[in-house]
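Following this line, the structures themselves.
Both complexes below contain subunit A, partnered by subunit B and then by subunit C.
The block that comes next holds the complex of A and B.
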């Protein structure tokens, strides 16, 4: 099954061309031009991964990352940035980013990260379900 | 070449760094879009090589147009940045304030957008010039834009955040006005009241006065009697 990706960037031209190329690689892509819109979309739709610009007007990437992780901890988020520094990468990873890539990113590398993100998300969801079942069984048993 | 006698102070260097960061971020975005368009051309070429899909000439022309659009955006930004870099070349000179406002508006477009603020510049009806060091004047205009954005973001309400910049109608009394459309903000008494801002105003021979129909703005005015 193809990966379902939410692409978030305030550059409309970037969203258009990236989604076209990602779709050509078999991914299902939805776009949002702000973090606020992305958060609203997450309330009604499920995604395997989010690819999001680090710096955007309104809510920036770090704040959006925190909010998304609060809302859907299993969701894998790959951040894109103009300048990837070690500090920035560490900060993003600490909050729960799956990866941080520098623009212009290599699409094949990004596609591989998205595929990996989907697998990780599935494992996390499986673990969450297992924990839920264990919890229910414990309550019934106890 | 920058004049070594006019090296900016720490505050000036911070201003230069802020605008440089915004400009280089924009440049990276332009490059990223160009890169993806080049990638799309590669995808099309690969498809045609395999004999699966012939290259659609209309599609190729569209991609070329998209690349050109980004090159034009980058070219415009580089030109603005080059003019900004040369603002340290001369000491006091006669400077067109409208030109300086447009330069700051172009370079800080991304920063202004980040504040969620819309900036409109009303063309000057008469020449609006001042004798000043170009870099200091740019720094002061940027501080005024930044202050306007901060005031708007601290004003409660969901209204569109709009700053309109206009120029004085008397060429002998040059002034730049920043009118904020969203309500009357508080904190006017402390506007440009830090020692850094006061020093900057002094270097450009300007002072601040309240403006706007409801006092919802301010003007940077030439201080009389000073050159």
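The block that comes next holds the complex of A and C.
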């Protein structure tokens, strides 16, 4: 089954080409040109991963990351940045980013990260389900 | 022989920088110190010597004159007494011949009698035989007694002592070479003069040495002050350039990524969708563009790295926080590889200060190396101990494949790597080494093949100084440095070829 990705960037050019190229690699891609739009889309749709630019007008990458993680903790988020400093990366990782890639990004590397993110998400969802089942069983047992 | 230029102090040719940071003309200052001190120290000495000189001369001259007059008066009294009964001229001659036949006359003791017309009664060494008329002016000897300076017919300066013989018109004259009297006081004084000159020389040398020492100290501290100011200006300028470069690099990366993706799309269209008759040159051309984009990306990344390195700052650092920051970055990788990370409780190190980013970089490089060395499964241990000697010891150990003993001496050399993937540039440990040395610390390594490797870092609690403000990072081995300074095209090509 193909990966479903939400691509968030304020550069329309970038969005169009990336989505076309990612689709050419068998992924299902939706785009949003701002973090606010991405958040709105997340309410109605589910994705395997989000690929988001770190620096956008309006809500910046860190804020968007926090909001998305609050809304959907299991969602895997890959950030794209012009320059990854240790501090910036650590901050993003602490909030819950799956990975951080530097621009100009290599699409093959990004595709590999997305695949990995999907697996992580599935494991996470499975674990959440297991926990829920355990919780229910404990309640029934208790 | 010591060449003269070696004696010249450093500040001698130091330019007068009154217009800039310093208001000092050190050469003039040195001259003033020497002049004032020498005047103060030598004036009393010279004045005392001159006074002593003049007093001694006068005393010796007076003593000699008195002695000469006394002896003349004695002889004159004897002659006068003998002539009381006889005509003075013939009597005097007779007496002279009888009483003074063995007079030890000579150049320095020319004793003779003359009358008031200047005629000699007895022979003179300087003025010839008796009864001759001398060239001496009788008027010179007009007084009862006295001493006058005259010149002999041959030009010799003479000292003439005279006394008139009572009751006669005769005068007893004694001539002495004027030089002899001068010798009496001048020779011992000249010997003393040598001693004086040596003392003056010694005092002058001491004053000059002292002045040179003091002015050199002023010059040294002044130079250090100016250097510090220059350094600060230079560092500020570089920091501004760094910020500018960082901004430019950020802005370039976005359009660069669009070029990257668009070219990628061209390649996708050509390869994935199998166009009917594409021009054969299109694909290699697009790949060339991608290669160029990669190069641009490397340059902007390097620019940003250097920009970061240009603004090192020593600040209080919490070691535990730094370690947890680094571990947060490595956690996912370690989890995928099933590697356990073990960090014993980190002691609190009061006053620990260093360049935080450098410390993070050091930990990151060592930990990444350890994880790579372990491959699948293993334990990475980071242990920190606070030594009482003012140093912090950090041990980064892994249970990986270890380093063969023949490779151990080379691991800190630039471009030495055993990794075959494209990330193993061989600079990680070299940079780590450079950063540790800049922080005033040291790094050692112990390793056993198939058992593991341990890096032992020693860092001072207080970093001696921030890393090089010119953005230069000194690498071990050879004379190589990584520098933010511009490099020429050949060097750049070489670096790309190696990386």
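Heads up, the rule we're going with is that the second predicted complex is superposed on the first by the 142 of 142 C-alpha atoms of A that agree within 3 Å, B and C clash if a C-alpha of one lies under 4 Å from a C-alpha of the other, contacts with A are read in each partner's own complex, and residues count from 1 in each chain.
Criterion: a contact is a pair of C-beta atoms (placed from the backbone, for glycine too) under 8 Å apart; a residue touches a chain by one contact, two chains touch by 3 or more.
All of these numbers come straight from a predicted model, not from anything done at the bench.
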Query raised in the report: Where does A:93 make contact in the superposed view: on subunit B (first), on subunit C (second), on both, or on neither?
Result: second
Requested in this report: Once the structures are superposed on A, label A:58 by its partner contacts, choosing first (subunit B), second (subunit C), both or neither.
Outcome: first
Requested in this report: Would you check which partner chain A:85 touches, where first means subunit B only, second means subunit C only, and both and neither mean what they say?
Outcome: second
Report task. State whether A:11 touches subunit B only (first), subunit C only (second), both chains, or neither. Result -> both
Query raised in the report: Touching A:73 in the superposition: subunit B (first), subunit C (second), both, neither?
Result: neither
Report task. Please work out whether A:26 is in contact with subunit B alone, subunit C alone, both, or neither, and reply first, second, both or neither. Result -> neither
Query raised in the report: Comparing subunit C with subunit B, which touches more residues belonging to subunit A?
Result: C
Query raised in the report: If you lay the two complexes on top of each other, which residues of subunit A touch subunit B in one and subunit C in the other?
Result: 11, 13-14, 17-18, 20-21, 24, 55, 82-83, 103-105, 107
Query - In the complex with subunit A, residue positions of subunit B that touch it - result: 24-25, 28-29, 31-37, 39-40, 43, 66, 69-70, 113-116
Query - Residues on subunit A engaged by subunit C in the complex (per definition of touch) - result: 11, 13-14, 17-18, 20-21, 24, 55, 80, 82-83, 85-87, 89-90, 93-94, 98-99, 102-105, 107
**Report entry** List of subunit C residues in touch with subunit A within their complex
**Finding:** 246, 249-251, 253-254, 256-262, 264-265, 268, 272-273, 293-294, 296-297, 300-301, 304, 308, 325, 328-329, 331-332, 357, 360-361, 364
Report task. Using the touch rule from the top, collect the residues of subunit A that touch subunit B in their complex. Result -> 10-11, 13-14, 17-18, 20-21, 24, 55-58, 82-83, 103-105, 107
